[in-house]
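Remarks on the structure that follows.
As written, the chains take the letters A, B, C and D, and residue 1 is the first residue of each chain.
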Amino acid sequence: MLINNEFNEQKIQSPLQYIWHIFKGKNIAVIAMWAIIAMLMISIFCDYLMPFPHSQQHPDMLLLPPYWSDGANPIHLLGTDDLGRDTFSRLLKGIQLTLMGALLITFIVSILGVIVGATAALMKGFKASIMHHLLDALLTIPTLLTALILIVLFGMSYENSLIAVSLSLLPQFIRGIYICIENELQKQHIIALRLDGATNLRLLRYGIFPNIIEPFVTLVNRIFTMAILEITTLGFLGFGANSEQVELGSLITKSLELFYLSPYLVLFPGLAIFLIIIIFNIFSEGVRHSVIEGED
Amino acid sequence: MALLDVRNLSIDINTAQGKIRVIDKANLNIVDGSIHSLVGESGSGKSLIAKAVLGLHNENWIVTADRMFLGNIDLMKLSSRERRKIMGKEIAIIFQNPRSYLDPSKKIVDQMREVLPKKLSAKHFLKKMTAKSTHQQAIKELLHKVGVQNDRDVGNSYPHELSEGICQKVMIAMAIANNPRLLIADEPTTSMEAVTQAQIFRLLFKLNQLHNTTILLLSNNFGSISNLSDYISLIYCGQTVESGSYKQIINSPMHPYTQTMIKTILEFDENIAHKSQLYTLPGSIPPANQLPIGCRLGPRCPKAQRTCVTNPEAVNYKGHIIRCHFPTLDEK
Amino acid sequence: MSADKLTDYHLLMRFILTYISLIFLSGCYQSESTLTNSLIYCADKAPSSFNPQISHDIATLDATTHQLYNRLVKIDPISQRFVADIATHWKVNENKTRYTFFLREDVNFHDTSFFSPTRKLNADDVIFSFKRMLSTQHPYHSVNSDSDNYLYNHPFSNLVSDVVKIDDHTIRFLLNKPDATLLANLAAHYSVIHSQQYATQLLQAGHPEQIDFKPIGTGPYQFKANSSKNIIRYQSHKSPWQLPANIENLIFDITKNSTKRYAKLLSGECDIITNPASSQVKHISKNSEVSLSSQPTGNIALVAFNTKKSPFDSAINRHALSNSIHLDTILEAVFFDTALATNTLLAEHSWAYNPRITKISYSPAHSLQELTDNKFNFSQSLRIIAPVKSSIFNPNFYKTAELIQSNWLDIGVRSEIVLLRPSELDIALQSGNYDVYLTGSSPYIKDPDNLFRPLLSCNASALEGNSSYWCDTKMQSILDDTLLEISFIQRVKNYYQLQALLQAQRVYLPIAHLLRFDVFNDNITGIKIDPLTGINFHFTKKNEPIDMREEQ
Amino acid sequence: MFNYLLRRIYLLCITAFVLTLIAFTIEHLTVHTHFRENTFTHYLNYISAILQGDFGYSIIDKKPILATGLIAFSSTLELCLFAFIIACIVGVPLGIFAGLYRNNGLDYTIMSLALIGLALPVFWVAIIFSVLPNAFGWAMPIDGNISPIYEIPVVSGFLLIDTLLVTQQYQFDAFLNHMIHLILPSSVLAIFLMSEIIRLTRHAITMVMRSNYIKAAHTKGLTRRQIVFRHVLKNALPPIIHQLRLQLSTIISFAMVIEIVFSYQGAGIWLFDSIQQGDYLVLSTAILIISGFILFSSIIIDLLLVFISPTKRKSLYADQ
């Protein structure tokens, strides 16, 4: 009735813009986002960034400590290992292998998971119960055990360990998606859509997916964290990368013997894994909270 | 004598867009032993007032009032510890959908034992055992008082096994356990069917008559509570527009908002044309961050004038308080 | 609201206090009694069996030679001369073909849960033990050992023609031809005395193979149990004929990971550890609470060139490629300077060591020149094979191969490293499709013949040690004559000549002579370590840990 | 109640059947690849062999796999139990404090600790913890479940019980020694468990605090601590237990990794060694044992939940 111009016209933002607007407010999450982008850049261009090729040996400079402690050689920023190879470049190579592997796994698992999860949730009758029981059985087997078994079947190599980890994480993701969609289906607006004669696809596209962004983000984050942990654990146990590839987990096993001589060789890869995981967690927490705030 | 005397109570909530004065100079005067109903549309801030009186508000509310007395106790100056004692003893409150206000993981009888007056709910173990029977007896008596006959199986069952009506009765039983001087009922019957509504109102009425507990009834349905209450006050967007005795309000409504409220009561004996428009105020309730200045009914008020922009003063016509620049004074 | 917050902080403080006190309480738990009379020895490998006659790996020697068994004679560690053990004294005829030994009467066997002896040790037991190795008709000859095992019957088969029992406590050895090495062989780890009564008991029970896995002997400790494959328990001999051992129960805890072994030593879970990681030896020597004992062993790490295939069939190529390997880096990076650099196969402390040997000098430019002169085909890629697991010869074969590969790459010679599991390794060695093979050799008696014969003799196969497929008539003749040579000086001269020849041909490139390291806490005394026959816990004493003593 | 149990057991059988199917395919692919007769009959006698408890013999030490497997798995359970107790003692109070004082200093510190705890790679923390005591000079054992000095005959497989049965020989030394051996590995596992429990408790507590019956409790004049202990905890417990049940398989896989680092004789080491030595028959037995346990414990936890929270019971009756 009375449009008083004192109050500024509220621009109706699209939900994504609105979430982005809230996300910008959280500075920790933004820092985490920039850290992720930096890490992606590092792992993509790591071959050019590395001061030395990761397997090049410097026989004269063995077991140098990192630059901040005495007796260090500034060229080798984080010192060298027992064969004179530069720790910093091996770390970069390790980050590249682990991070890229984990991102690949998360991508594959989320694509497959969504497809299978959605079909499972929308299926009715006998097919659904078979899928349900198979999922239940797969979920009781610990993910590490499944990965070990698949490694034993395929043989021990880095690529096989990636496949093994992704297959072991798939059931977890499918169950997560299944539960999210199941909860959504009970909601009235889905029934309304169904009454309009929406096909399954349309139902998914408009009804379900926009509303399950928040659980989806949590799931992807959990799967990414477990992927990183499992790749590095398999590498650590010696089932993943063979002696050539310098994956973060196997890097720790290789330098375990030198722990008393130079503990840094074991500490740095561990810290790198920890950093990758915590940055991704903070970023996804930020996204999750902004999505929740966006909704209510 | 006024049991609860609240003058010029105003509550500011600082939200992201700055401070909003939700309750603007509300005043409430409840006579001891009467049923006072506070009527307002949902979202008009009546449960905020109840919370402010009980002191249940959280940190980011700023409560200022000239006078807020319960009998001779000044509620503003109480420390949280005394106020908590008051809440247990002097004032009790019952809510809208009662089942969610009962602890789902405990039996009814355990929850009621919590509420029994201190000397009965004994502390250390030995006394507790002997006191068990007296508790049983007290609870049985309370349940009978609120009209729940099969107290044994209601006591041993869980909240989710009871219907809304019985849950409300149990809430009332718990409220009157310490026979408080004031019982606040925050829309007790909205989520129930008509039959249980009538039961609950009859129960409240009986309580008022027999035990002389003053009842503050908050409701948005003018029709159902009007014939029950002795005093009525109306509230719109946080401002108390009119309050007075039942006869004064029903017979000579002065504030336009009260008039519309009375018009909304449907007497079926009137011969309303088929499919005619029911009478409502034009426009809708303004959102919290765009409240009009001065009299908040301003934009929707049929008799709005320029002077309505300033805040009208409360005028008292022999107990009939009205806050409007142009009250319809019928000289009858 | 604020009053409640205070009370809750008190609650939080109280929780934290209880946890901290809980953790401190757990610090002091070491109880006195079970500590001092049990000794934990952390070995790096499980013994393949409990009979030094059939398995010669160092783990078996540690677990059995001095602990479980006795031999006829033994070497006195100080004077290096043969001293009495079960045989009190012995007589030799003039042309050294008949040795007669007189045995003690009071030696009794172990009395364990699975066997209790009824008689003391007599000549039958000695005959039984040696006949098992000598005659093929002996019921226990082929038990637990594949008959064509070269090491199994070599020491005695062409040395001793027969062992004869004179009476209950005297026996006589009849030799085919006069040989000076009999006493050395009798003092070796593999001439131990088993109980014949136990053997017959097992034969009747139908489980002859148990003799090598539930051993019965006469040593200071007796075998108690082998519960899991990682823990072996010994008990002190119930009726010892020698000085009784002062440790009640001796426990072998097999911990494969070397870092874990050292960590267990520091945390007190092991009293003695063997074979620490070479990278940690420097750090251990600096640690004041533990003492490090290092013994020169005859073991040598070497690189074998496959002389059957080009390019290593020509001696010039072998010289050039050997000189282009920078041995000092290998010493530093792989052995962390815990092994003795060497130019010869024989160790310095051996009596047949030829000091006038040309040193290997690192000269990559010169060797590149030699290779181009010899028209070396640079396009080929040399195939370096090595065992995947570390062994007593080399703590990390892969690292050594990597260093050699990068050294050769500097002079333009390309090579690829192939790590093989033991089964694949045997196939590769037999088929011979490799150019370089990283290996080592570990002689088990002091005699130089024991080192040279497996490496150089024509009739030694690649599996038995001759991984260079080397067969040279001159060297073969020297080897065989010196074995029969009686005069000591002539044998020394022959071995000098052999070493000179070997240095000229450069069949093997010796990397380093290895030391045997053992680390033990300061409260352990009386450990004797003989590099050839293993560790001896007979006289070991364990007094209270030092910090306890300071408190009293 | 009874047919709820019946329905759960029916579900259990189907899942167990699918598990044996998975275990059989793995065994078929790895070990008995050369079987000629068709797989169905092979599967039948595989099932009959399992039902008689004959899981085959390990090629390393010729002992029946089932026996070694169960003993190994029992010490893993011990580790998980001990870690769970530590995690609860530390995690639950912290979670409650974080839940009660939302969005202020205490809450942020606790939540960041939980976030760090979740992000730490378990095997790396195990390595650090195995070297830590030596750095600080404590004589804390870091290897195996008990010092080899004590000879413990295996009775129940659970060392905590077996060590108490040999008290006449070793008094309580063996038991104490085993407890001390348990401290380090279980505190590493407890870090992960604690952060998980803190996160879940905080979430549950905030949900309960927002509910109406807590407002009603305030109006009844109960003090904050009375409200927390009487109402909040009892209602917050079921969702926490339900979430933990879903995490059970992750907890067990982390426990196995920790065992390998501390060479604590549990299912982890047993599996790791047998795979290293190529004894793949162990794999299918390991699946049956571990997943069987997880399946069984999820049923038990379900029943526990039904007893604790009456609302679950309502959903139970409504199902009929």
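Going forward, contacts are C-beta pairs under 8 Å (C-beta built on N, C-alpha and C of every residue); 3 or more make two chains touch, one makes a residue touch a chain.
Please read all numbers here as calculations on a predicted model, not as lab measurements.
**Student:** So which chain is farthest from chain A, going by the mean of the CA atoms in each chain?
**Tutor:** B
**Student:** Whose Cα centre is nearest the centre of all Cα atoms in view?
**Tutor:** D
**Student:** Could you let me know which interface, A-C or A-D, is made of more C-beta pairs in contact?
**Tutor:** A-D
**Student:** Need the CA-centroid distance for the pair chain A / chain D, whole Å please.
**Tutor:** One centre to the other, that is 24 Å.
**Student:** As a quick test, compute the distance in whole Å between the mean CA positions of chain A and chain B.
**Tutor:** That gives a centre separation of 53 Å.
**Student:** So the centre of each chain is just the mean of its C-alpha atoms; given that, what is the distance between chain A and chain C in Å?
**Tutor:** 49
**Student:** Averaging over Cα atoms per chain, report the distance between chain B and chain C in Å.
**Tutor:** Roughly 93 Å, centre to centre.
**Student:** Residues of chain D that touch two or more other chains: which are they?
**Tutor:** 131, 223
**Student:** Among all residues of chain B, which ones touch two or more of the remaining chains?
**Tutor:** Residues of chain B touching two or more partner chains: there are none.
**Student:** Which residue numbers or ranges of chain C touch two or more of the other chains?
**Tutor:** In chain C, the residues touching two or more other chains are 1, 257.
**Student:** Applying the document's contact rule, which stretches of chain C touch chain D when the two form their complex?
**Tutor:** 1, 4-5, 7-8, 11-12, 15, 19, 26-27, 29-31, 34-35, 38, 40, 225, 227-229, 231, 233, 249, 251, 253, 255, 257, 260, 263-264, 266-269
**Student:** Would you tell me which residues of chain B are touching chain D in their complex?
**Tutor:** 54, 56, 84-89, 92-93, 95, 97, 100-106, 114-115, 158, 160-161, 171, 174
**Student:** Which residues of chain D touch chain B once you look at their complex with the stated criterion?
**Tutor:** Listed in rising order, the residues are 211-213, 215-223, 230-231, 234-235, 308-311, 314.
**Student:** Quick one: in the complex, what on chain C touches chain A?
**Tutor:** Result: residues 257-259, 262, 277, 279-280, 282-283, 326, 329, 332-333, 398-399, 402-403, 406, 419 of chain C touch chain A.
**Student:** Please name which positions on chain A make contact with chain C in the complex.
**Tutor:** Answer in residue numbers: 57, 59, 62, 82-84, 243, 256-261.
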